[in-house]
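Each of the next two complexes has subunit A plus one other chain: subunit B in the first, subunit C in the second.
What follows is the complex of A and B.
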């Protein structure tokens, strides 16, 4: 084959061959915005977070104040009620002709009835709701009785039965009474309320009150603060810690890596809930503390290995990858590699594990508080609220259902958000591979 | 294969030792001891009690004694219940927890696998949507709330029917078992359904399923012979964590339904700072879970013959 001198001439400049380009995948938040579920969930999460931190300021009722006259009541509006005397009642001034309620307030219901010639004594019964005799209150020789036993604003049926000398009883005489909400003078004094014209103002309870007469809305909001504090701080801490640990193991490699990851394996093998309880007890709490810190500490001590494994895996994979190799050949330093290649690849993964760790942490807090191994009682948390609610579940289900709904909706939103985040990243992965 | 088994077992033993050690030192960091003013009226009495239970010895000696006893399978004597051996407590209460756990696990796996398969079969259609919605709900509601609501439901049903259809709480007969087991298994069932669905979807798009279809096999035959077995593999790997979740989840369910299992006993022991019972139960549970994980690892090789186990390589 012969060459001509012209073959060795410079070629005329040509347009460079169009390189196969990949459309850059849109940023994560744009993908999330296209997802309706994710937007909704993110909205709920934001709302819960905002309410947890400014809620107690917006709704400044004290979560520990006990409104004893409104125990386990349903939603109520703000109102002014009478303050009545709660002194002992010595009976009516005149005799009555039939069973009557001389006063029907939640402080006391004053009953009086006519004397019967054949009666030795009288039995008084109270039934809340039904038509039978109900609960026996007292057997008395007098013809009057003041009921002061945990009255609430609901219909009661009082029955009086005369007991004869031979032990037989007469047919019951009954009346129905719906006591009006009042405060006794002593209770008004105890709560430090200003009495004006014999009346006091009671604040509203939009979600009702619990079994000790505490405002539910205020308790839910303060509980949200506790739950969110644990739910956010613990995962943030253990994921950060685990990420550094894993990065260290992956970067150092060799026997250091081996030892570090063996330690992580051991920690993973510890039964989580058992050791949560154990550490929580071991760290102990002084009186007056809320028990938040030991719980977060225990959670961090037990939960860091998953993030460590994740990051270590990524680091090992990236170390072998062609783009890191070429960056190294081009003279990139360690710091540049970490900033330019490691972080952008690892951070989204950590974000996803964070979004799944948060609901898990909220769950754990609620569970531990529920069995009495978490936050100490005066501090409200959603778990302790459920625990208290479960005791009065049969008569007043709202005390359980409201905090349970709060937990469920929050955890649901975090879960949906996490799913959407993972899906969005999948799209990213798929696009960059195509 | 044998070398692998031995290695896994040795590693398991090491893990159990770690659990025992962590438990011991965690318990010794606890402020106070069970002999507070109520039991030990005078300092002398207190000293005697501490000597009786070996708490006056140096920590190192206590630790060695504890490990030595444990090697012989002796967890010691309860601090708060006179002369009751921890071994007896475990022997008495663990079977209750185990029955509850096994039934819950059965319900969870059957329900989860069936649910996942159904969802995958009708992928993105109504059954799938409904099932996945139920799954997300089941994952998002705490187990103690589900347990309480279940109790409420039983009470309502009993009230409505006018007789006792199901007991609300307690233990002793089959009818006591179903509701707690279902409640306990629900979260796991949802988790397994989700896992099964995704692995089923992966399997459905494989070449061998396409081949089976091309050669004219019926849907059921493809499902049983080709899809189910392969789709089950990732589910089986999750069996270890699943059993762990059900075992510890049992605490709450036992507490709410008043079931005399080991979990309820553990919570009680923690509240009374009963050192030996806490340590015994924790080590027992820990060892149990480690063994389960090892077993599942080995089982994995049996189910999938493609996986050759040579000296720890999987």
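What follows is the complex of A and C.
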């Protein structure tokens, strides 16, 4: 076969497929931006982080202040209320002709009723919207009673029943009362509020208050701080530790690798809760002192092996790959190899595991604070908020639902973000291998 | 096949109603109730807890018992006489044990000697200490025969005292004073009163079934001396559970006739329109101060500062929010009686504390001059939701008004008691229920020799007042002594009384005549009946 001169001509420009395989894969963040749920999750995560760190500054209410006249209340606006005497009431000056409410405030509802000849004593009941007489308040021989029991601004029906000598009871006499929100003098003094014209200003509570009258919004924001502090610091620390450990094992290989990985296997087998309690004891932390430090310590010291394994596997694979070999042949040093080839290929992997470790750490903190191993009162954390909410779950569900939602949404966002990151990584890996 | 499934489902649905009777049965006069725990022992010498006390009050009877208004009424003793140096009880001749043998004075002598015998190791032995030589017998220094109690014939019991004990008759209503039969106790030995067939009864009911951990059944005792007054034929206790929610659910399902309520079940009971009842337990809750050497609470000015800001009414009405709970201002609960018909607080009202933050800050400044910087105070509290809420309230008030830091040490009941005993606290939340109907049951709590004085408060004036109240037979002198005690407690801030607890419960509308009593076993169904 003979060659024609034409055979030695340039080929026309072509092969777009080949050009595409050589093009660098798009950066991770671009892939992420194409993903709707990733954007949403990232937005929520950013919002939570921002709120955790500047939120308490934007909403400067003290999360420990107890507005005792507004316990377990729903959302309320700022307002000015009267300060009234909270002294013991000795009864009305003159007799009344029917059941009367002489004062109707949330500090005291002063009731008086006429005496009945056949009555041995009187039972006073209070009904707040249920059926029947409602809650028994007192059995008294007097003809007056001041109700002070956790009054809120709602309609109450008070019933007074006379008890006769033979134990039988009269038909109830009743009255409807809607007390006005006021503060007792001692409570106003305790809160350190300025009394002007007999009135004080109460702040608003956009998410209501808890069972001790503490502002829920402020507690959620301060709780976020605790949760984020643990949720970010522990994973950052243990993943960094694990990455170095794994990289060392992977790079050195041989018997060193073997020994290091057996140690990692050993650490995996250690029970987390037990060690956290051991650290508490070892550090001399008593009940009543914050257990956050031993918690983070136990997380860091016991959770690194998974990151170490991940990195070691990746490093082993990369070490044998063609481009690392060729770089080595071209005379690249260890430092250059790590910086140019290993780190960029391991980093996204770490990012993914970090985004899964964070929600897990938030959850662990919430769980441990829930069972009383974490922060101590009055410092809030989402876990302790849930614990407090459970006490009044049946009567005031918002005290449990709000912190539970905060935990769920945050953990979900981190998880979705992690998922999206992993998917984006997959695309990137697939493209670069094609 | 489908039929088979349907049948199974129907049987499953119907089955419980066949096996478990309803809460009350008017025809057969039987009621069904529940228990919080199984009684650890029904041996009168060893029983300490409320469940045993409740059961024994129905199964056994002491020399005297409490009547409907809390007065003493005859039981095994027809009449009695308490003197300066001793007491005499004349026993009724128609009282018999459930096997038909008569109840004699010898049975009381045996029971009391046995309770004090160190070999029995009764935790309630101290309640017999007013009897002559009782302490020495209990320490093993004297033989049990030296105890100052003697049977003069079958129906007369003579008791001699170490020192005058004006409230001795009230004590004998307590379960440790119930009679025992030597032949029965010795026949079963360690197993005595551990099963229904290993014990004997002299009360209105007999225990006919005791399936451990599952069920107890009490049946009317036809041989009881006052059997005609007992209308209930059977009290069945087929549910044993500690969870308060379960008791309430059983009540809702019409399975039991009476159930206690707590804050969460109360609101449900109210929304269902059940009639709820209150019962004053006469229990006092308080904050106890630690007087040991190394504790900052040893400083009076600091204690005064704390006292001036912890306003019990704020705690009771705003934080606890349970109907019937009363703010406490004295060592003695407001319903405490000192003698027949004499309510102590009506004669000597509680000392007045001025709740004033400015004054508290002056006290605090003085405390700081005397102590230097005040370290964070350890507040030892329980672990129930209510206890934690309470503790967070104290912590907030001390921080907000005085800038004092507190550490909350939340512990289970057992742990809390043992930490209190070792003195590992600055302030401890504690409670005390009366053992018998006399203010001394609270008063001697802070005597320097009392083991239950956990804060180690010691004051000669106080001790003198306690001794006076224990020995004097003159009611006026005793009242004065009690008043002295409550004044010292308040002036020295030995404790800060916080609240008097009550029990809330729901009761089947057909069940009548149930007595709630602070003393002598509660609730009491002796005179209960089911209205048709």
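Operating definition for what follows: the second predicted complex is superposed on the first by the 394 of 434 C-alpha atoms of A that agree within 3 Å, B and C clash if a C-alpha of one lies under 4 Å from a C-alpha of the other, contacts with A are read in each partner's own complex, and residues count from 1 in each chain.
In the analysis below, a contact is a pair of C-beta atoms (placed from the backbone, for glycine too) under 8 Å apart; a residue touches a chain by one contact, two chains touch by 3 or more.
Worth saying up front: this structure is predicted, and the values here are computed from it rather than measured.
J.: What is the contact status of A:372 with respect to subunit B (first) and subunit C (second): first, second, both, or neither?
T.: both
J.: Could you say whether A:260 touches subunit B, subunit C, both of them, or neither, answering first, second, both or neither?
T.: neither
J.: Considering only the touch criterion stated at the top, classify A:51 as touching first (subunit B), second (subunit C), both, or neither.
T.: Touch status of A:51: no partner.
J.: Would you check which partner chain A:278 touches, where first means subunit B only, second means subunit C only, and both and neither mean what they say?
T.: After superposing on A, A:278 lies in contact with subunit B but is clear of subunit C.
J.: With the two structures laid over each other on chain A, which partner does A:41 touch: subunit B (first), subunit C (second), both, or neither?
T.: Touch partners of A:41: none, neither subunit B nor subunit C.
J.: For A:394 in the superposed arrangement: first (subunit B), second (subunit C), both or neither?
T.: So A:394 meets both subunit B and subunit C here.
J.: State whether A:412 touches subunit B only (first), subunit C only (second), both chains, or neither.
T.: In the superposition, A:412 contacts subunit B only.
J.: For A:300, is the partner it touches subunit B (first), subunit C (second), both, or none of the two (neither)?
T.: Neither partner.
J.: Could you pull out which residues of subunit A sit against subunit B in one structure and against subunit C in the other?
T.: Looking at subunit A, the two contact sets intersect at 372, 390, 393-394.
J.: Tell me, which parts of subunit A touch subunit C in their complex?
T.: 64-66, 68-69, 71, 86, 126-128, 130-139, 148-150, 184, 186-187, 189-192, 211-213, 286-289, 372, 376-378, 390-395
J.: Which residues, counting only subunit A, touch subunit B once they are in their complex?
T.: My answer: residues 265-266, 269-275, 277-279, 281-284, 359, 363, 366-367, 370-373, 386, 390, 393-394, 397, 400, 404, 407-409, 411-412, 415-416, 419.
J.: Subunit A touches which residues of subunit C in the complex?
T.: By the definition above, subunit C touches subunit A via 263-264, 266-268, 270-278, 309, 311, 313-314, 317-319, 321, 323-324, 355, 357, 378-379, 385, 388-389, 391-393, 395-397, 399-401, 407-411.
J.: List the residues on subunit B that touch subunit A in their complex, please.
T.: That would be residues 15, 18-19, 22-23, 26-27, 29-31, 136-137, 139-145, 148-149, 151-152, 155, 244, 247-248, 251-252, 255-256, 266-267, 270-271, 273, 278, 281-282, 285-286, 289-290, 293 of subunit B.
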